[in-house]
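Shared between the two complexes below is chain A, which pairs with chain B and chain C, respectively.
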Partner chain A sequence: MPIVRTSGLTRNNQQLNRGIPTGGDERAADSKAPTLTQEPPFNIIGQRMPLKDAFKKVTGEGVYTDDMKFPGMLYARILRSTEVHAKIKRIDTSKAEAMPGVRAVVTGKDAPNKFGVLPVSNDETAMAIDKVIYAGEPVAAVAADSEDIAAAAVWAIEVEYEPLQAFLKPKDSLKETTPELQLHDKVDKAFPKSNIHKAVDQEFGEVTTAFKEARSTPNGTFLFDGINHGFTEPHAVLAHWDADERIILYTPQQVPHYTHRALAKVLELPMHRINVVRTMVGGGFGGKSDPFPHEMIACLLAKRTRRPIKLTMDREETFLVNRGRHPSEIKVALAFDADGKLTGMDSDALIDGGSVGSFGVVSTYYNGVLSNGPYYLPAFRYHGKRVYSNRPASGAMRGHGSVNPRYATETLMDMAAVELGLDPCELRMRNFLPENCLTPFHKFRITSNGIREGLQEVMRLSDWKNKWGKMPYGRGIGVGCGFYISGSALPIHWNKLPQSTVHLKIDMDGGITVHSLAAEIGQGSDTVLAQCVAEVLGVNMDRIHVRSQETDLAPIDLGSYSSRVTFMAGNAARDAAEKIRADLAAAASKLTGQPAKYFDFTGEKVVCRSKPSVAVTFMEALHEAQAERGALIASGCYQAPPLGTEFKGSNAGLSPSYSFSAYICELEVDPETGFVQPLKIWAAHDCGRALNPLAVEGQLEGSIHMGLGQALTEQMRYRGGQLLNGNFLDYKIPTPFETPEMEIVIVESIDPEGPFGAKECGEGGLAPIIPAVGNAIYDAVGVRMYEVPMTPDRVLRAIEDKKRLGK
Partner chain B sequence: MTMLMPAFELHQPKTLDEAVKLIAAFKGDFDILSGGTDLLPNYKCGLNAHKNVISLQHIAELREIRTGKGDSPQKEKGTVPFSGLEIGGGVTLIQLERDKNVPASVRDCAHHVASPLLRESGTVGGNLMQDTRCHFFNQSYFWRRTLGYCLKADGDRCHVVPNLNEGGKNVLNTKVCVATNCSDLAPMFMVLGASVLLVGPQGSRTIPLTQMYAGDGIERFAIKRGEILAKIILPASTANWRSGWKKLAPRQSIDFSVLGVAAALELAADKSVKSLRVGLGSVDVRPVMFDYGAKSDQPAPTSYLFVDPAKAPPQVAGKKLDEALINQIADHVKTCASPKLNVPMEPAYRKKMAGVLTRRLLTELAAG
Partner chain C sequence: MPKQILKMTVNSRAVEVAVAPNKTLSNVLRDELNLTGTKIGCDMGTCGCCTVEVNGKARLGCLTLALECQGAKITTVEGLNQTTMHPLQRAFAECGGSQCGYCTAGFVMKSYCVLHENPNPTREQWKEELAGNLCRCTGFVKIYDAVERAANELREKAPVKPTPVEVK
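Now for the complex of A and B:
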């Protein structure tokens, strides 16, 4: 049975410590060392510990790409399209090239090879060739002695455009058009003359019958504005083509491996001549997981000049690179029987992909298939289309593809509850998937599932039963649930490589180096790998040094997206550590004469289980194991098991495990102004096992804060094809004033396959907050919100419509 | 790509005299910096930057708040504003909100400007003289170049009210910029009857704050360019009035207001209204004030381009400020408010909120 644990209010003042230091004797005497390493109680797993890079970050010691400086370094600037959709008739770079201090100018023709994060939609080039497809697209770039010179030089480049009809409404992109007006030559095969990037149609079970026989069929069309990740660090890269004819790219990447592949394609170099170095990442949230044109541009300029090139963007440019959540129009109907059992779902999503494919094929699937949980769904129909448009590209963002449809379904769940006279929490309880099951059609393998316990706990904590439907007008409480993948079970690039590989090296100094390409993007990737290794080897955290930056040094890992790192890289780290442990156990056996299998690793010692007086220190075992061999090294890996079924697109949504969340939000609505003030959030998330509860709480608080932004204030607003609010004054990320108190409940369902029982906690915790807010607004003032964000003017309009129309 | 600070020469005079001399010498090619939280972001966007920037930061006399010497004998006549409180133009917003001599409503208003960090830099003078704002103006060079430059910077058209400016002419035979004045303090000071001491190359003078602003988003002031706002003078006559302030902004911190409502109320001994002023910010090219207690037929000085003159103001003098009267005033304010689609939140919504916030504020003031 899952364990439910409340960590207390998250505005806690827990004193931070620097992890658990390698003990002197007095510390060792203090500790009541547990006896087993692989089963609880654990030494390291489950400890609240600050992230390994936290102190560097808060002291300013951490080096971000823009902090770096090399001798002879040049500064690059990108000329961006001032047209929304246009043919490029002519580019003349001669005036820019003639400017003093300008060292190189490159244009799209210098690198025509296409790339993209998904092999199925390689539709990007480093810079525009022949035509531009959004205002802000890179057209040319300059490297110069200073940023000022480069900035002046880009505007000295003459570009003659011939404007074309722009596609700004997703519905326009559905229509047949001429090849000239197609944004890309490759579109969905079923619609060859359109601007439809990807269409997905799935139907399983008796959908029509379900609706015919239903007792309640809530439905609605929901509109979502696009939103941006809003990470703190703008894009910044530094490239150097060195004297050894190798290119080194410093980039704050979530997925260095995909950039590595894309660079090889664009630069026409073998991968081994490229070293991608991930620098400290100032936030990613999915927005730094594509290989980017600016990465290519920096490398092209480095190749041309043979000098280090730094390219740092401003906030507006970062907004224009975008890859944020898709603007969406989602039409959903649910069918329920008289008992409140969900019997069918019919959903239609039109999502605006913007200029390029990015992760869009996956997004298109996720908008549908990730509605097959956390509720048992016996009939499912989904039509999804992602279109190209002349706007900055949408892509992957925290909760990728699941967030907007989750709002729709959770709102409809609430409507059904009202119609059927049921408590919305009770209705959800009746529909949750059980543990250890397969979903009927996509065969999602649900292993551990603590959603019931989670919902019960937040109901109890929030005093739900005395509040829902019982508070005065203007004050309301609402619920939202969700689930999410712990890593995609199938890799983007089809090959036989494991999805995560981790190398360990221990030499006589006793330091343990963990090599991985899982990217530390602030989520705690390095820390969790270190924890897994330290736990297995029974050592303290300060022995563990994680090197997760360079493709030259690290074994391939698919990086930090789809909430895969803890589950996959964590398992790989554990696997590698277990191999080392076997070596150390053999050494301990040799030193003590006890059989190797009897040894436990704990408290920096290797202890005989049956005779605890027989023990060697970790260092003694290490030095014995190193005899005539040198450093201990091991490689561990993780590969998701074969999952799912066999229909087109059946891979989408498959994961070795799923997280579950249940949130409750209490808020106040000002019925005269439409302003919504969240008062408190109770958030239960089943993350399998919290390897580091401090980090889990941080992820959930962050998810809630980010979700509240989408729920209430954040929207990418356009004037035609031009982004109107590409800055942090006009793009409204909630401040602390808008952020309520949160109470985080960690549900530990102990997953059978996750490392030490862990599942994801970085993304799944975002989606439920938005419908929890929407449903609480309904409870407060009796209106359903069909547009997100639920801005004051929209809320007020809904209240006034209700008054006027009486509905 | 676009956000690099353009080169300029920074001048840091130590006295007002020095500053005035610099202003005279630069013949228009200058900007006055008093805090810089508004000016410098605009410079980074390449908006009307000048070669010389004159910082007022080191002029000590501008950074003082001084109380007056007692009640004014001229109070009854209501003509010359008496120096109840003199606030230097260089006083920071933090200083203003913390000074116990400053009326509570002003302190509250100052406290809700931007964020603590910005209030540490931002000044009273800077807040009152800040540039007007518009979606199509407060953008990067790249952005404006893409859409086409506007009247207010580098161009000759308006993206907000293109019809009003068709062919470079409008109904008044002149170009009109409708960029919004978002000063929080201006309406607050106005309803308290503030005047301003201006110091420039042509000497110094004191005028009512209401007369400082002009009805255009580009030609924002009715004063001469180069006149430094040296002091805000709050008359003692309004010191005992009930006053208050409400702000509407998407977020509770950082944001410019999209609507500000200030009000000041003077009650007679029998609790009937003697004077009532309502100030509005962020709905027009300048802060607007309605003086409902004024003796004239029109609530002066509302003479304003976008105010509906047909809408008769309610008569308030001698009446009880009850719910009905409050609603009448709120309705009048709402009718007259004419926000444009050039700052966040829809104009229709902001217009409606002008009524709601006015009603709430007056209800609070009436209750004491």
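Now for the complex of A and C:
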């Protein structure tokens, strides 16, 4: 598999210098001086290695929440609303409470405190109070001696509803309405009588002029169905209120820290009396990153019964919790000059947030601002609105906020290329942002950028030049590009704490314990932290033990979302390890008489650089360093540097670094049925440096598979607000038959600030595949797809419309 | 519902449990026998996470009533690791065929059963055999790497049948 190494920051930017500030005080590369350990050769970094917890997973030894059993444990079930939007007239739990084996019943009034992942929209309660706002919302919950009793008791609860007018189309939520019909008391300040959760308006540069002077102005309105993460592990939590009056919550969380905060609010307990324990996470993809009502419910029942409570959902309930990608209507126009240079963008996004806020404020910004790359954009206008509706809530999902607008933009790029008579790849090449620059308005600081090399490589591998526009009817090839943040630079909760902190402990046994709250969710978070530490200390991986489960033991980390772990927690781990390394170097110096700064750490030895024959073993250095001191302890941290500029919402999209991707897809369309069969994907992703290429490939292959699902088959379908397909039979995730061969190209641009030069690779690789598919369909059968997923009926309709209308 | 006694051999061990007739094989393995390596992803036969071997064939634990397994010989993912890790398990770990790990036991057990019937499946045959198992993390690529590596390894280890020599 080719690894394209780009030239880091040494290449000059003249080839694309169009007034993008790159010099003087605007220069981006104000990074930390490279440390000794930034440079190769490496022992551990760059090795293909299995994930640290893989052997536990393949043997069945790994413990997920539903695998746990505690003495005296009770089982909980949730009663969910059957109504889409209704007043709760009456809840009668008496029959349920009287059933043998039922230990407790709780309703919304037992926990009225509101919570939510974003402090600006704390609009959720553990269960509905007075009113339900989607079919599937928790209304009451039961704890009983067995799951069967709990399930029976839930149905013995009587609820009387008075239905209200439902908001099922986003456009209905834009209208003025009565307070009774508002889903939440807090809505966007500019629209106080509506169901608009958040509105964003941004305009920079001469947008009107750009369109007036443009040679090509492709535009379109694109519709996207909502999709779900579809992780294989259904939601499951276990809560225990112990004899010390503390609550311990076992939960497969991507962000234990936010759950920790929310629990304190809902349970009215100081945070130190709560221990959130992350169990193994059977897939997250953003769908396990909100603090959840079911987490609150389990804790409430545990408090009520003083017994451990296990609450495991079935698959349909898991779909109803949702937080998947927003159903969206995105209208975009681009302006190009005669040379194919992008001169302006005008976009308008209406996204359906469903019942609650979740990450929605961020999603509303991301749908616009994450269009400011990977192309240089000198004029930008964006109107975005996220509305509340009576559907399960949308939230963060892999590629959060960037995926749907990316489809729109990349499709329009292709349309412009056709109109201007340019190769679509060439058009993109003319517009890529250079490395080491700031975007003109939002001041996104692009450090390393290997997209150009990536696109060249996938063009070569796919034989693009001999295929695009040259294949028989029904067969096509298409391109899509993208970029993504490597961790959000600003924390959700404003405070002065570092975004990532890692603690290390090394005692005389020589084992190195890494404490972190970055969540291993299958992406390899624990492995990355272990690699960073092992590399700095020159030791083998088996010395490193990562403890990243519980808030009691781990320093705060903002967890596994926004593709932040490798960059932020990785840097914190490296920082901590470098402190230990200094201690060990001082000890080696004492033992050998050589100056401390001239030691290398490699192969479990501490070696004098100028005299390699002078060396001590890692253990000798460790024991000397421990003399009269005991275990070596270090704390390392990461805080993003000050970035961006100042206007309302200017923080959205800021990241210390950005990943870049360029994908090409070849496929076949059956013009008789509209069925699309992807044949091969060539995918180049610039991840800075691949710390573990095996895991990087895995992330990209998984992103492509998930993106193909959204492109071709996945959609959450509703009738009257009721979810129709909350199961894996009707919600169609691609099987091996729909999943084509993939060729992954890792582009290593070596980021100046990433740990050992690394950037993200878990999310950015999703977005480009969808437009690559859409553009390949155009190449195959000459139709543009304005609705995603591009299901056979939609493709067929487009083909027939083209025949009928001759366009 | 009155419970009935169910006798099976699970991972080479004779077991006897009292089981209600509505319980599935997944329920009994996980809740009664504490073999939690077998996962429940959908409980309706659509994800393959609960695949186990029943009398030599791959079966979905969630679609098999436990009492159907009277006298059956069952192997779960734990049963493949009794003395050393099975080559399939090692390959899934080392090739990156397991990310979040929730589907892994199902894939390992399905592949294990596939290899009983066909020690050398082609890529197309693997696709067909594994199509009932859902993995949301890997895009299946590293899973093919794993099963193909394990299949090769198992074929190399398998006792070679003596080739008859033609007598002249």
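Going forward, the second predicted complex is superposed on the first by the 770 of 807 C-alpha atoms of A that agree within 3 Å, B and C clash if a C-alpha of one lies under 4 Å from a C-alpha of the other, contacts with A are read in each partner's own complex, and residues count from 1 in each chain.
By definition in this document, a contact is a pair of C-beta atoms (placed from the backbone, for glycine too) under 8 Å apart; a residue touches a chain by one contact, two chains touch by 3 or more.
Just so it is clear, the model here is predicted, and its values are computed rather than measured.
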* **Which of chain B and chain C A:D314 touches, first, second, both or neither** => both
Of the two partners chain B and chain C, more of chain A gets touched by chain C
Practice problem: Tell me which partner A:T232 touches in the superposition: chain B (first), chain C (second), both or neither. | Solution: second
Requested in this report: For A:F55, decide between first (touching chain B), second (touching chain C), both and neither.
Outcome: second
Is A:L694 touching anything from chain B or chain C once the two structures are fitted on A? First, second, both or neither. second
So, A:L729: does it touch chain B (first), chain C (second), both, or neither? both
| request: Report for A:F737: first if it touches chain B alone, second if chain C alone, otherwise both or neither. | output: both
- request: Using the superposition on chain A described above, determine whether A:D188 touches chain B (first), chain C (second), both, or neither.
  value: neither
Contacts of chain A common to chain B and chain C in the A-superposed view 314-315, 729, 735-737
Chain C residues touching chain A in their complex are 30, 34-44, 46-47, 49, 76-78, 80-81, 85, 89-90, 92-96, 98-105, 108, 126-128, 130-131, 134-142
Interface with chain A, chain B side, in the complex: residues 1-4, 135-136, 140, 142-143, 145-147, 159, 248, 250-256, 344-346, 349, 352-353, 356
Per the touch rule, the chain A residues reaching chain C in their complex are 50-51, 53-64, 66-67, 69, 229-234, 280-285, 314-315, 521-524, 694-695, 697-698, 701-706, 727-729, 733, 735-737, 739, 742
Touching chain B in the complex, chain A uses residues 77-78, 80, 82-83, 135-136, 147-148, 151, 154, 313-317, 672-674, 713, 719-720, 722, 724-726, 729-730, 732, 734-738, 791-793, 796
